[in-house]
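Labels for the chains are A, B, C and D, by order of writing; each one numbers its residues from 1.
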Amino acid sequence: MDAKNLIAFRVAQEMKDGDVVNLGIGLPTLVPDYLPEDVHITLQSENGFLGLGPLNGKTLPNLVNAGGKPCGMVPGTAFFDSAMSFCIIRGGHVDVTVLGGLQVDQEGNLANWMVPGKMVPGMGGAMDLVTGAKNVIVAMEHATKEGGAKILKRCTLPLTAAKKVSAIITELGVFRFIDGKLVLTEIAPGVTLDEIRAKTEAEFVVSPECCEMETPREAQPV
Amino acid sequence: MDAKNLIAFRVAQEMKDGDVVNLGIGLPTLVPDYLPEDVHITLQSENGFLGLGPLNGKTLPNLVNAGGKPCGMVPGTAFFDSAMSFCIIRGGHVDVTVLGGLQVDQEGNLANWMVPGKMVPGMGGAMDLVTGAKNVIVAMEHATKEGGAKILKRCTLPLTAAKKVSAIITELGVFRFIDGKLVLTEIAPGVTLDEIRAKTEAEFVVSPECCEMETPREAQPV
Amino acid sequence: MSQTSKQISYAALRPRLRDGMSILFGGFLGVGTPEGIVGEILDSGVRDLTIIGNDTGTPEVGIGVLVANKRVRKVISSHIGTNAETGRQMIAGELDVELGPQGTLAERIRCGGSGLGGVLTPTGVGTIVEEGKTKLNFDGIDYLVERPIRADMAILKAHCADGKGNLVYQRAARNFNPIMALAADFVVAETDAIVPTGDIDPDLVMTPGVLVHALILAGEQ
Amino acid sequence: MSQTSKQISYAALRPRLRDGMSILFGGFLGVGTPEGIVGEILDSGVRDLTIIGNDTGTPEVGIGVLVANKRVRKVISSHIGTNAETGRQMIAGELDVELGPQGTLAERIRCGGSGLGGVLTPTGVGTIVEEGKTKLNFDGIDYLVERPIRADMAILKAHCADGKGNLVYQRAARNFNPIMALAADFVVAETDAIVPTGDIDPDLVMTPGVLVHALILAGEQ
């Protein structure tokens, strides 16, 4: 199993039955594939509905996800306008938002929407989601393709929102923000603390209860 | 024809075909009875709909006007929530609001919602209506029951809104606010300018085009 | 037995009721007010309530019965003229009444439910409504900063619900209900009907079920 | 011939189009954007437009064709990443792009249409979004004052309309359309169907007809 799917699996284990969840594009969209059987979540789509489901082959007119791609919907779906969509998002009615990150820092700041000097796609709904969701989970590979740290002392890229991140889940481990401090709570099987330290610029505390990160059975080292 | 109906008739002649209109309780509700045949207006009801119509005998569940009384609705009615109702009102989507007045002054201030020391019913939607409607017509008897002036130099009662009144229509005549000045533009048949001056405390200009106020045929003096 | 996980009985509301709590109530002169839930609150004996809604109905209709039975300590509303008892208790100093413009009340509740810190409205400028409020001027126009309202509980009246709590309202009974669904820690709707999930066209849902914590079938004991 | 007083042809829109005008456009990545009206604007030859909406679609889809054909001077939007041409023109200094959070954009348009002077939002605090904006603190929380947006024209996409202009949208095509209906001097909706007035259940109307000045039946020349 690749890093992306390992991360998505671990993120899925964070969900509680009944949670209202918004998933960013890319890696986060893999999360529903790994939900425990007894956990049912409702997916919010910022283009205006609650009840996003898998496509299941049949496309319906004007039924697309926030990436503009055809999608499905579950029984009991509700559509609404963009103002209402963000009343729900900003108002704390979304339990969990899962997004990728370019950088996260030890203050809980997230940067994931622009790199100065490069094409700027825009923040879309990300700033409202990170500001308003009860839990903000950053799901990303631990380091850049070049091996550089993404979990920093201080973000250098323009922020998406200040001090809002709840947890960071990478293929190497799980960090949580507890009482304003960045705490390592899980380490992936086969990974050492030294390796995490080497790939993490931020100062962090290792939880006394730090344990092995849950991974799919087939991925467990034998 | 009594004063109330005379006033309602004259107010009705202010309406233009297609106008969106909100009518306050009491006298203003008589206005639709006197609309010219070729003038069709849409009535807005602040409890959440556009398309208020006469009761016509048949009551429908949950179909009431802003006074809580059973009412009818016209084909093409639309219901919405209170936030939307006041987006429409405050946002200038109501062409005309017609309300009664306790006092109006020469600055265009209106007081119609409370008398200190007496039971205070509350402003309801009146403040938003007077603030947001394109045209604010105060429809009221010219003087108090005791013969005191209601069109004043300066309101003494708490205001409903400041400098928002467009016109005052009484059984004695029509005043309009033109370039910030109170201007008498019509005098009712059989009424003298002296009588209006005697019953009006406010300073006002008599329009050079001041003419006879239109009244229903049967009420015209022979 | 509940037909759905969100359906509860009137009696099941009791553990959530307590003295001094704040309650947003849907309705406009009683139309759109959940009369059964109001009755349950009355029967529970809780008092010192703060009630927030458009008006206080009449002493016999809508939320008014709670006022008439002296269960209310504070009212936040736009109009109390239809319930003489509200006015009487206010003048007697038994009841705290905060009156505000109806459109402002709607926006304040919407802000409370949507994470906004307030709105800027021209309504009330130059009137006693502006007392004690922050005033801002942009482009020569004065606005009042009107701040959010939230409550411990919102009690709504719906025409139809599905098992997930999706709500549809009927005609003028919609009024404040949809915005109140956003603005309370616990949201309960009394509904005339509960249909199977999937039976309400997703385009026609007026309040998404995720906002609704509990449903009570109107009149069912 | 018009079936109703509000129905017009695409061509009848021409006299209302002019260089430099501002246009609110419904849609989210093209879904809910009135493609026929966009085509008419393109054919009209007007330029230097300010366009306001969620995103700029793609160079071939939605409002994007106006950008690709260099008819746009300014974009106010939350996301331009799906239209490389928008980014290219922005970097080349040919196009002014104002990016803001999607929820803030929605509220600004709603304010513009509802007489509000702005909203207080926590979104963007501590980011570059706060540059140049009034910041207020209430109860220890910082908020940005976000100001209203209005435009000369709003172009909407509906699924169904009646003769009075009442609109119903379909699924995710609703998005920004209902709030934009409030916020322009002239509001025109392209609709898949026009039904006789009275055929839409009054409870199901999503945009009241009084907000809509003109209807165009999609695809009808």
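Some points to look at:
Convention: a contact is a pair of C-beta atoms (placed from the backbone, for glycine too) under 8 Å apart; a residue touches a chain by one contact, two chains touch by 3 or more.
Because the structure is predicted, anything quoted here is derived from the model rather than measured.
The set of chains in contact with chain B as well as chain D comprises C. Listed by label, the chains that touch chain A and also chain C are D. With centres computed as the average of Cα coordinates, no chain lies farther from chain B than A. Computed from the mean C-alpha positions, the centre of chain B lies at a distance of 30 Å from the centre of chain C.
For the pair chain A and chain B, the distance between C-alpha centroids works out to 56 Å.
Within chain B, contacts with two or more other chains are made by residues 49, 79-80, 86, 89-90, 131-132. Chain contacts: chain C has residues 107, 110, 115-116, 121-123, 170-171, 174, 202-203 touching two or more partner chains. Each chain pair that touches appears in this list: A-C, A-D, B-C, B-D, C-D.
By the touch criterion stated above, chain C contacts chain A in their complex at residues 110, 113-116, 162-164, 166, 182, 197-198, 200, 202-203, 205, 207-211.
Interface residues of chain C, counted against chain D in their complex, comprise 107, 111, 115-123, 134, 136, 138, 141, 143, 145, 147, 168-171, 174, 202-204. Interface residues of chain C, counted against chain B in their complex, comprise 28-32, 54-55, 77-82, 84, 87, 90-91, 99-104, 106-107, 109-110, 121-129, 159, 170-179, 206.
Those residues of chain B that touch chain D in the shared complex are 20, 42, 44, 49-51, 73, 75-80, 86-93, 131-132.
Taken in their complex, chain B has these residues touching chain C: 45-49, 60-64, 66-68, 79-83, 85-86, 89-90, 109, 119-128, 131-132, 158-163.
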